[in-house]
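Which chain is which? They are A, B, C and D, in the order written, and residues in each are numbered from 1.
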Amino acid sequence: MSVRVLFLGPLRDLAGRGESEFVSASGDLDWPELLAVLESQVTPALADAVRDLRVKLAINGAVVADREAVVVRDGDEIALLPPVSGG
Amino acid sequence: MSVRVLFLGPLRDLAGRGESEFVSASGDLDWPELLAVLESQVTPALADAVRDLRVKLAINGAVVADREAVVVRDGDEIALLPPVSGG
Amino acid sequence: MRLLDRGFSPAPPLARLARACPQSGGVASYVGTVRSEGVLALELQHYPPLTLPGMENLAVAAVERFGLDGLLVWHRVGMLRPASPIVLAAAAARHRRQALDAVEYLMDHLKSAAWFWKRERRADGWHWIEPRAEDFSALDRWT
Amino acid sequence: MRLLDRGFSPAPPLARLARACPQSGGVASYVGTVRSEGVLALELQHYPPLTLPGMENLAVAAVERFGLDGLLVWHRVGMLRPASPIVLAAAAARHRRQALDAVEYLMDHLKSAAWFWKRERRADGWHWIEPRAEDFSALDRWT
């Protein structure tokens, strides 16, 4: 399966890029598995920043209420959304 | 002596004009005398409207704090200012 | 602070205020217009020796109270047509709350404490506009 | 509700809003600009699948809450220069209090509840702007 992950705001700097495509031979990913992918395939600093509870998660354009309960499937677009600073 | 009296807002309609010049042989006018002049030389309805405590008085461009204590002198410009409705 | 006896467009003075205050975070404004429903014309009377000094005192008070970088108040007098601007109040400040509060303060004071008298021509003739009780209660917020 | 990736002038949309709402007593607005002091550039990031729907929900909520005749929110994204407009929020309503309150409501929610991330380039490089505690307390006023 393959998923696309978008790094918004300051997370972009930590990731060193705006988005990543992750391909894996295993099936769906849960939250700890997603964090593990970020840690090993991007940087541990990014995974740490994402552990901050203020970082929200959107799957295919919808914000997820309980990110611990998330299941990421093949073809999903995951956006990692740190606290906003608009206006 | 002669004084000019300006009728602002709705008072203009009651007076039937925007201003009047009053000439009198007597000396300075106090508040009751000014009301008497309005009553006899313009209309009683105007004098009644001016008795409303919300109508303020300016002499030569300065609003008078206590209109009962006013003394009108030769050459003064008196403005009769009903409640405003600006904006 | 300006009293105008002919129509104006709010955009040029607003743009000038923004340009004059580059250090500000933004500009808040309010443009009051003559209503179009049932109103054929509006006449605004004023008393020049009081009206403009009153607006200038108001401006000084607002700058001080809200720490404004700049402000402007343009007010029409004379005969106005439906949908034309009556008043433009605008304030530039570092933070938006100051700018928005200042505009509200200016409008509240212009509405019920400045020397204007207003009458509307409707189908059945001219009607003087009385001050509304809610305009006075709006003023109380600032004391 | 518009997201724009290039500069805009607030005057034309404001004039259009006023024309579109002839029954309104007036139009309140706020234009937020990039500060000029020490800021060389500003970048605004957004996440399109969330940002525009979020702004549209906000608009619906504001129209309902304040009984508006019309409103508009234009927001820049991308790279901005000092003194250029970031955001224009405007509301037309029968009474000025509704219009001014609606603009404050829109700005409070855009500042801390809309999906924008902002960084400034200063002399020493790029800095991400953190949300300020006062932006959250501003939101509390509306609940």
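In this section, a contact is a pair of C-beta atoms (placed from the backbone, for glycine too) under 8 Å apart; a residue touches a chain by one contact, two chains touch by 3 or more.
It should be emphasised that the depicted structure is a prediction, and the values quoted were computed from it without experimental measurement.
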item: Joint neighbours of chain C and chain A, given as chain labels; value: D
item: Per Cα centroids, the chain farthest from chain A; value: B
item: Approximate Å spacing (C-alpha centroids) for the pair chain A, chain D; value: 28
item: Between chain C and chain D, centroid-to-centroid distance (C-alpha), Å; value: 23
item: Centroid spacing, where centroids are CA-atom means, of chain B and chain D in whole angstrom; value: 50
item: For chain C, residues contacting two or more additional chains; value: 32, 96, 107, 111
item: Numbers and ranges of chain B residues touching at least 2 other chains; value: 87
item: Pairs of chains, among all present, that meet the touch criterion; value: A-D, B-C, C-D
item: List of chain B residues in touch with chain C within their complex; value: 6, 8-10, 12-13, 58, 60-61, 63, 79, 81-87
item: Complex contacts: residues of chain D adjacent to chain C; value: 9-11, 14-15, 18-19, 22-33, 35-37, 82-83, 96-97, 99-100, 103-104, 107, 138
item: Chain D - residues contacting chain A, complex; value: 32, 44-45, 47, 49-50, 75, 86-87, 107, 110-119, 128-131
